[in-house]
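Just dropping this structure here.
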Amino acid sequence: MPVLDKTSSALPAVGGIVIEGLRKVYGQGDTAVEALKHVNMKVGPGEVVGLVGPSGSGKSTLLKCLGAIIEPTAGRMTLGGQVIYDNGWKITDLRTLRRDSIGFVFQAPYLIPFLDVTDNVALLPMLAGEPNGLARQRAWELLSALDVAHRAKAQPSELSGGEQQRVSIARALANRPPVILADEPTAPLDSERALAVMKILNAMAQQAQTAIIVVTHDEKIIPTFKRIYHIRDGQTIEEKGEGRALD
Amino acid sequence: MINLAGRDILHSWQKFVFTGIGLGLLIGVTLTMAGVYRGMVDDARALLTNSGADLWVVQKDTQGPYAESSSLKDDWVRSMLGMPGVMRASNVTYFTMQVKRASQDVRAMVVGGEPLSPGWPSHLLAGRHITRGHYESVADIKTGFSVGDQIQIRRQFYKVVGITQRMVSSGGDPMVFISLKDAQEAQFLKDNDAILNERVRTASNPLFNRPSVPGLLEAIQASQTSSHNVNAVLVQIHPDEQPEQVAQPIRRWKHLEVFTREGMEEILVAKLIATSAKQIGMFLVILAIVSAAIVAFIIYTMTLGKIREIAVLKLIGTRNTTIAWMIMQQALGLGVIGFFVGKVSATFWAPIFPKFVLLETADALSGFGVTMVICALASTLAIRVALQVDPAQAIGG
Amino acid sequence: MKISLNPQKILFLTAGLLILSAIAFVALRSGPLAPVMVTVEKVKEGNFHAELFGIGTVEARRSWMIGPTAAGRVLSVKVDVGERVTKGQLLAEMDPVDLDQRMASLDASLDKAASAQTAASAQQKDAMARLDLATSNMQRNQDLADKNFISPGALEARAQEKISALAMIQVAAANTKSAGQELTRLKAERAALQQQRVNVRLLSPVDGVVTTRDAEAGSTVVAGQPVLRLIDPASLWIKLRIDQGRSAGLVPHLKAQISLRSQAQDRFEGQVERIEILSDSITEERIAMVSFTRSPMGISVGEMAEVTLQLPVSAKAISVPNASLHQQGLTTGVWRMVAGKPVFAAVRTGASSLDGQVQILEGLQADQEIVVYSQKTLNADSHVQVTPSLVKPQTRQSAAP
């Protein structure tokens, strides 16, 4: 089991995500579309929850709100113990929020092709102002934890799909965000690899006490969640998941 | 913080370098065009400097001897020597014509003068100055002649005895120097057919062909075939005199036109080269626009190819300014590569041009500045695109 | 920051270094930082061969114009161009027009005058006879008058007859004299016409060659207009013009090498016969007459000739190539190489030879190094570099001399 180095300055994440009454309307007047009607979600530190819903259900809108990419119309969002949106008021610097508080894992690894693996992971800490040496050190730790340290100096194009995915997860963790949003991280993978990815996510969530939301419709991994949020027509329903063990 | 632009360049360096070379050749052409203009101005200045004169005395109301034709009697030089402030004066003739060597024709400016006098080259590359009063010549190396060659000017053959360098007319034609008398004959004397024609015409004119005055016709025909004209008198003044002070009395009392160095430069550079300068100026503007367009296009294309990465970068929290700076740095880097390629290639191909191409350091530096500005401006198009990228694109909609 | 070297980076760095060195090369070779290339030579000491050079035309020493002394029409021309003629030979004749007829008329007048003379002498005789008669009559009548046989009136008549007879004798004598003078006058007139008749024949004054035939039979010429021109072919020489500025040392009896335009390969010997006192001030040339030692065949008057005169070889002198001389203001000088830097040394020059050497009288010593050829005009702070030659050696064969 990959383990984060306890001597690193890994602080426990605080607060997770809390969403109350989130509403998002696109457009105005006659052409107005209510993508999110009334969404409540709560994910605690160290939890890995699934977000499942068909296309057109408002899933991507919710993801964009969670990712501080778009601004909701109404409701309240708390991230890592910090209120980031409250019925019209919003935190001004969304970008810094995304950089420091939210980790993104995409459908495809989306590594920066002209940076090597280490620098891809170290990029975020460097952007946050950390000195290059420390940033690379942290990157190396994460890569070791994810068992891709032997590829530290390689170019992204030289890695296999699974290795790239693991590097992207390392990148998401690099700034120690309280929240990670994973958008269909297992879609292109077979069941063995998909479960491996879920295993890593769960382990990382535990170790760093990060709240992880996994948007997915992959039947292979849905049974692994302890809690699942279903979203339909702009509203969410919580459901207890199977919570199958990963080993 | 690592340099994103540098990493990107290193990663796809082939594309960058090839684009840089292409841009560089374009910049090289631009620098060469500027060099052609500078060369033309330098040709004019070299002509004036190498003549060693401080004043040019020419026919009244002309702007000769280079821009316009001017004709003076060759004994004016004696009056010049007597004017106050004049140290040396000598006659010169200038005539552009085809000079033959074997079967080869070379366009040259034939100059008539005396060695070690104003108008004669002051230094040689090989050979010697002319020692005989007739039928010897000194040629510029641009003519392609060597010491010992026999060249033909009009009807006479001249032996090349010396070679000189950078002796060119304002139009860039190389100069061939012969003695003044030979030059007067070559310039003003016609070929045999024309002389015979002239003789017949004179003989058929009853005013000139009077039987009661024997010898009249011969005397007239002899005067028609002799020439005592020159194109200009070149004057050197005493070191502590002002050119304008020496020129004024000559203009006033001798009723000749006198130009100082500044006046001649203005005539040659401002008037003679003016049209070419405008053409070259327009060409440079067009080249600058084309270069800007190319840089804009290349950077735009490269940015479009990175839309996904830019979306990801924006999503994970990269500043807009960081992304913009990355793009601008790439454009500037392209400009730097292009400029160096351009400068080096311009330096290597400049000597091959038939006209003198002068690449000045100041031009290179200002060219570098302009290149950087153009690249920076050209990158704004791509920067606009990059800034408008929606981070949500990374989340696949 | 650790720089990790992979092959790509090495390639990039090498390329960058190449470009930088190319730029450095360019900056040092051309442009303002580059040195001026020059060639140097040592000042030579040795015998100095000064020569003079000039262009001349072949002329005849003496030429004659043969023509009439009065306007007239040419009757016939007996010789043509190129023919040799001897002294006294008839060359041409003018039309005598009416000279012969006038002479005939004069002859007739002469005859008439002779007849008048005869008549006058007969008249004289007659008058003498009358006087004799009148005298004897007077004598007889005087006797008779003394004896009073005749009247005094008759005696007076006889006396008057004697006086008349005396007067008649005087008249007759005068008539005779007059007739004689008339004859003399007519004879003189005839002699004059005879002279004119002789003048109409144009005779050659010397042995020579006809060079031009200017009038044909039937043309009208005025007095002084030549019908033919003659020269003495043995008297051809060259009228040589030498630039005044380059004529130092021009004296008679200098040896000359002559090259004729029509026979460019041959060289002829000659010497300076005479230096003209009058020079040409318009063309600034001195004029010298150079004669051939042996007259060449087939030369023509008016032909161009190039003449080189040998001046006596001077004693040991130092000389420099004329390419090394430069003017600064009114001073002539050369650039000396002193410890790798050029220094301007003023000199005083003497004679110059035709192959470009100039004698130095003052200002330099033998074996000093001077700059001969340079790429640009030098000044005191020029940065120079010495090379063996500034032009590529000739690979082409150059044409004849």
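A, B and C label the chains in the order they appear, each numbered from 1.
The criterion applied here is as follows: contacts are C-beta pairs under 8 Å (C-beta built on N, C-alpha and C of every residue); 3 or more make two chains touch, one makes a residue touch a chain.
Note that the structure is predicted; figures quoted are calculated from it, not measured.
Relative to the centroid of all protein Cα atoms, the closest per-chain Cα centroid is that of B. Ranked by number of C-beta pairs in contact, the top chain pair is B-C. Note on chain placement: the centre of subunit B and the centre of subunit C lie 50 Å apart, centres being C-alpha means. Inter-chain spacing, taken between the CA centroids of subunit A and subunit C, is 118 Å. Separating the centre of subunit A from that of subunit B, both taken as means of CA atoms, is a distance of 69 Å. Shared interface positions of subunit A, i.e. residues touching 2 or more other chains, are given as 132.
Counting partners per residue, subunit C has no residue that reaches two or more other chains.
Of all residues in subunit B, those touching 2 or more other chains are 10, listed in ascending order.
Taken together, the subunit C residues at the contact with subunit B in this complex read 8-9, 12, 15, 19, 22-23, 26, 30-32, 53-55, 220-222, 224-226, 242-243, 245-246, 282-283, 306, 321-323, 325-327, 329-330, 332, 352-356, 372-378, 389-391, 394, 396, 398-401.
Residue ranges of subunit B in contact with subunit C, taken from their complex: 10, 13, 17, 52, 75, 87-88, 102, 114-116, 122-129, 131-135, 141, 146-150, 159, 161-163, 165-166, 181, 211-212, 214, 228, 236, 238-239, 340-341, 343-344, 347-348, 359, 361.
The touching residues of subunit B, counted against subunit A in their complex, run 1-2, 4, 7-8, 10-12, 308-309, 312-320, 322, 391-392, 394-397. Of all residues in subunit A, only 60, 63-64, 67, 69-70, 95-100, 104, 106-107, 110, 112-115, 119, 123-124, 126-128, 132, 155, 171, 183-184 touch subunit B in the complex they form.
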